[in-house]
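Next up: some structures, all given as structure tokens.
You will see two complexes here that share chain A, one where it goes with chain B and one where it goes with chain C.
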Partner chain A sequence: MANILSVEGAEPAAQAGLKGWFARRMQTEGGIAAFFVGPALLLMVLLNIYPILHSFYVSVHVYNLKRPHRNPFVGFENYVMFLESEDFYNALINTVIFVVVSVIAVALIGLIFSLALNELGSGVRKWAVPLILVPWAVPYVANGLIWEWIYHSDYGVLNGLLVALGVIDKYQTWLSNPDRALYTLVNAFVWKEVPLATVLFLTALQAIPEDLYSAAKVDQAGAPRRFWHITLPALKLAFLLVLVYTSIISIKTFDLVYILTEGGPGDATALVSWYTYVETFRNLQFGSGASISYVIAIATFILAIGYIKILYRPQES
Partner chain B sequence: MKELGLSRRKLLRNAALGTAALALPVSRATPSAAMVKSLNFYSWTYGISFVKQRIAEFEKLAKVKINYGNTPGSKYHDTLVVKFTGKTPLDVIYMIDGHLAEFVEAGWLYPIDEFPRVDEYRKEFIGPTADALTYNGKLYGLPYYVGHMAFLYNEEHLEKAGIGAPPKTWDEVVQQSLQIKSKGIQEYPFLQFLKADFWMGEMLFTMMYSRGGRFVDEKYNVMGYDKPDSAVAQSIQWIIDAAKKHKITQPGFMELNEVAALKAFSSGTGSFAILPNYRLRAANEPKSSKVAGKIKMALIPTANNAKPNVCGWTRAYSMTASAAKDPARKAMSWKMVDFLGGKDKSGTYRTAKKWFTEFGLGFGHAPLFKDPDIISAANKWGEAKLFESQMALSKPKDGQKAVWYAEWDQFMRPRVHKAILGQADIVGTLKTLTKQWNRLKRRYG
Partner chain C sequence: MAAPSVPDVKEIQRYRQAAILGRVVLYLIVAVMLFYAISPFYWMLNSSLQLEKDVVSVPPNWVPPTLNIGNYEEIILRKPADTSVAFDKSMAGYSTFPTADVLPSMWNSFVVALGVTIINVILGCLAAYGFARLYFKGKQSLFYVVLASRIVPEVSLIVPFYLMIRGLGLLDTYMGLIVAYIPISLPLAIFVLVAYFETVPQEIESAARVDGCNRFQTLWRVILPLSAPAIVTAAVFVFLTSWNEFLFPLVLTQTMNTRPITVTLLDFVSEFSVSYARMNAAGVACVIIPVALALMFQRYFVRGLTAGAVKG
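And now, the complex of A and B:
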């Protein structure tokens, strides 16, 4: 049977050489790894690394589609321009508030839900976990549209519910109130992201040996102490995952702004992602859009490294 | 013939050349167009069943397959930018006059002046249409529809409040709204929509034009826009007063978009609304409106003894530059533009006529004003003469053909919102907008 590694039609000497080299490489662990990982790596280079490098190239040029044939090299001028822009700082402050509140809310609510689910019997949990994952499975745009109906000041479900419960006496504006609008976005984001955090925490909780709790009870440790000394340390890795993932996703949040507020009212919900979008696709300034994206990517990377430094200890994991 | 300086040989040669020249466009265009198997057509989401019906007719006629795509109007600009940038094949598209400069400068559109019948069509365009579709002296499409913002009112509410005629001035809008409100007919009689999206410019320009204001002149010089008593300053102040002082505007007006405003108005919310003129038909359509038959149109209210001018616009069928790169594709694309935006064999602007009679969309062709079917349809849900009068008083947004207009428009939206919210003062905001306009003008000029 023909060897799958043979090179059809090659010169015998060359074939022997190439075949021999290839066979020798395939005898080593590194060679096999390279054989299997290589194609994926090549794809990654084409689909990820090249665009990253190209976007850096774009970011140091004027790339304005309204003047498509004038693309002079401007060094870091695009970076300086947006760093000097008031709109960018406003978007940055909004983003920091959005990220901090969202990440804390997702982590806390996810933890509470997972603790509650962990206390339930496995029969109930089997049904509860898939159900709780539903919001997470809703596409981002659909999520935005759902919340548009909920928040609408004239016919929104939220107003109807709150009036029915007697919490408010007349319909309120949620999306067009500059003091509330950003938090309404946070709420919509948290609703979508809590399920995944819950499942991650729940998985970690179920991996904690029951013996540890039994021993702690023997030592007269109350529930708070058991939680503090056993549960929380065991959740460090889950916390790391939730924090890194939620931070990245919240920094990238764009769909909710696009669907619900378009950055308004005023600039109350203009996040950095929205600012980048407007600069790139509305103003057609691809050069400065790329420069902002670069800075966001670097900031996200630094944040992720920070989380890992603080929370990740290999010996503990 | 000799006396005329023309020999027989010369005459025959010239005649042959002339015949060849006349035949050339036909012989080059027709067979090559037949070689095209498919075209890519993109529009925004409106009247899709009718669009598909026309596409099917064109496919049969031209023996070509049309790959049709669409996206909601509010996302149309951004979607097209992504498609053009990503080199998605597009041959014929809907085009918004406000994006013309931007798209031409980006190299995405192809002028249609070279095609047969274009001059004939151009002569029949109504007022602002030819100008709206022309950039640097070249025409970039045939009209799909021409529209303007219109002042609509619920006749029943006015009658219940004992109001005999719709308001003629902006002060009367306030007075009548307060009257309606005091009788408990509507809590917020003036249905305002002012989400920071595509329609915000149309709304503000309408309110400014109806107060006699201008933004920039033909050379893009700002015309007193940032003065404390400017028409735009008065318009913004009116919006603030209507919401906060008189409480005649619903509190959530800054989150309301155009479609939601139509739905609210059609469900009986609000006594007055400024909506695109074609929405009059939808608001009077019994299948979709609770107030069908009660919604009327009036000339836009005015102030400062100004004419009732409104912001108008033209939407077109345009050919892309990528389609024009291939002669066969170019010929077929023109065929489609002509089929949709031009006349049929009987000399009727068939698609435009149908858009009006079935959907209420205005047209860009003067002869249609005299068409009995159009007049009859118009009188079913309004007054044909009033439509013509308000159309004649519509003007495109000042400065929209500046290549930087869209960038300025985007800059304007959150700032006007902030002025309405009281987070910035009106004149300061207008000065910032003027400064930004001048800055962009210097950059692109």
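And now, the complex of A and C:
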């Protein structure tokens, strides 16, 4: 950033006191930046970084609300304890299945939808895009309510529809069926997250210059080759955003579990965030709960870095 | 273009058929997509407009046999629980009895979400300008730290937050909720705005600087007017995220003075409420404002996200 044009160095400030300090600060670009970025950063530190650090402090102590005044330091005992617990491994496996299936489904469905919308004219896009965006806007609590009612084993429309179409001959259980419950959660999640993925892919698709395709046609490249060599590379950043965003959101999934299954039947839909909640607020083991969150956060972070390493190499294009 | 020999009639026909078939498949995909996105809403609306006995019929009623808006009257007009049963709210964190707290809690949601939106858009624009246009030490890593801080699951922040908000005496106040929501959506707002600000040509800004604008004036008079789509996108993002928040208000609110609609919705899903029609009516009340916002602003929204998805 060339700064020959900057005006802030124009007046030397010789005053003392607060005014002088301010004037001196405003002479450097870093000083000005502090006034722009400072407020947001300060709030982020106070309201996010501090709780994160505090929760680390909690995670290496015993914090049991039943005995609020005895919080001995225990080092990493909380971590060892939950890493050895079978419930945690169950939750971990559920979460891995949930995340992998959800992320693949969101990316794939979003890609297909966006390709179809991109091929059809802007006339279709104009009214179709607002409509498909709607599920993205609703709270997960409402999302849960909607799908709970659709899945209802006695009066649900899913059963009604499948019976009417002759797919099944009598009403089935969905949320209370241990083999299906996790996938019913996945569906409710995918339903809400596909719209944003579709829009992100679509905006990337629309930004591809038309002459790239024309040139490829002149060179006799068939549709599959054009897709592979022009479309997919142009979608790289959109893919990165969708994968990282969906992974993070899916790992944190909590509201849906709370409304739809409460981790049940049995522990078939206990995801790590739900397990953390139970440990923290039902068993009142704050220390243990905080330690689990820490491990989840670090795992998510490594995953995000991994995506970036794979998909986002510099010197692209 | 290479001159081909006279094209085969049959071949042209085959191409045309393939093109028509392709078109049919595309429309089919869009139809499936619309059905998937919209039908759950239709079902909620449909159920909310039926009598309770029609809602629980087998097979289901695809349209209301008798149109009934009584469910809405009931959730909006019915007096809160304390008139029907003696119920000590202070004992049970939130009431499990279905009450008519829908309108007040929608208002709570609205006030808090609007407050957060105003604060985060202002802070976000300032910060995004700094990140997009100014050089300072450690800029890149700071930006990533701000983004990455959202990776930590909310569940783990709840306890420190509860203690902090209680310490500030802000439990069960709008301010307490606003303070809790700010860090949730601020990073995303900054991200959207930075990506967009970077697409504003540097030359326009330089011209303004030559004309004697300082940095604040440049941001206010040059960058912001050109960035309307990104500002609207960030605002809608922040508003929706705040409106949709559930776990924080579940813990940080205690009474109807501040409880948002997402938490009130629980009353209608709980086992005590056997009315599926009322449950769906409450669901409609919870989604109506987010849905209206998404429909109203989606145009801006798609443009506002473009910079992020294309350029990063």
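Simple rule for what comes next: the second predicted complex is superposed on the first by the 299 of 317 C-alpha atoms of A that agree within 3 Å, B and C clash if a C-alpha of one lies under 4 Å from a C-alpha of the other, contacts with A are read in each partner's own complex, and residues count from 1 in each chain.
Keep this in mind: a residue touches a chain if its C-beta (ideal position, glycine included) is under 8 Å from a C-beta of that chain, and two chains touch if they have at least 3 such contacts.
What you see is a predicted model; the values in this text were computed from it and never measured.
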* Asked: Once the shared chain is lined up, is A:265 touching chain B (first), chain C (second), both, or neither of them?
  -> first
* Asked: Which partner does A:29 reach: the first (chain B), the second (chain C), both, or neither?
  -> second
* To do: Examine A:154 and indicate which partner it touches, taking first as chain B and second as chain C; both and neither are also allowed.
  => both
* Asked: Does chain B (first) or chain C (second) touch A:282, or do both, or does neither?
  -> first
* To do: For A:112, decide between first (touching chain B), second (touching chain C), both and neither.
  => second
* Check the contacts made with chain A and report whether chain B or chain C touches more of its residues. => C
* **Residues of chain A that lie at the interface with chain B and also at the interface with chain C** => 152, 154, 171, 286
* Partner chain C, residues of chain A touching it in the complex -> 1, 3, 5-8, 29-30, 32-37, 39-41, 43-44, 47-52, 54-55, 58, 63, 112-113, 116-117, 119-120, 124, 128-142, 144-150, 152, 154-157, 160, 163-164, 171, 191, 194-195, 198-204, 206-207, 218, 237-238, 241, 248, 251-252, 254-255, 258-259, 272-273, 276-277, 280, 286, 289-290, 292-294, 296-297, 300-301, 304
* Using the touch rule from the top, collect the residues of chain A that touch chain B in their complex. => 65-69, 152-154, 171-173, 175-176, 178, 261-267, 270, 278, 281-286
* Of all residues in chain C, those that touch chain A in their complex -> 1, 22, 26-27, 29-30, 33-34, 36-38, 40-41, 43-44, 47, 55-60, 123-124, 126-127, 129-131, 133-137, 139, 142, 145-146, 148-161, 163-164, 179-180, 182-183, 186-187, 190, 206, 209-210, 212, 214-215, 219, 240, 243-247, 262, 265-266, 268-269, 276, 279-280, 282-283, 286-287, 290-291, 293-295, 298-299, 301-302, 305-306, 308-312
* Quick one: in the complex, what on chain B touches chain A? -> 77-78, 81-82, 85, 101-102, 105-107, 195-197, 250-256, 260, 264, 269, 403-404, 406-407, 410, 413-415, 417-418, 421, 423, 444
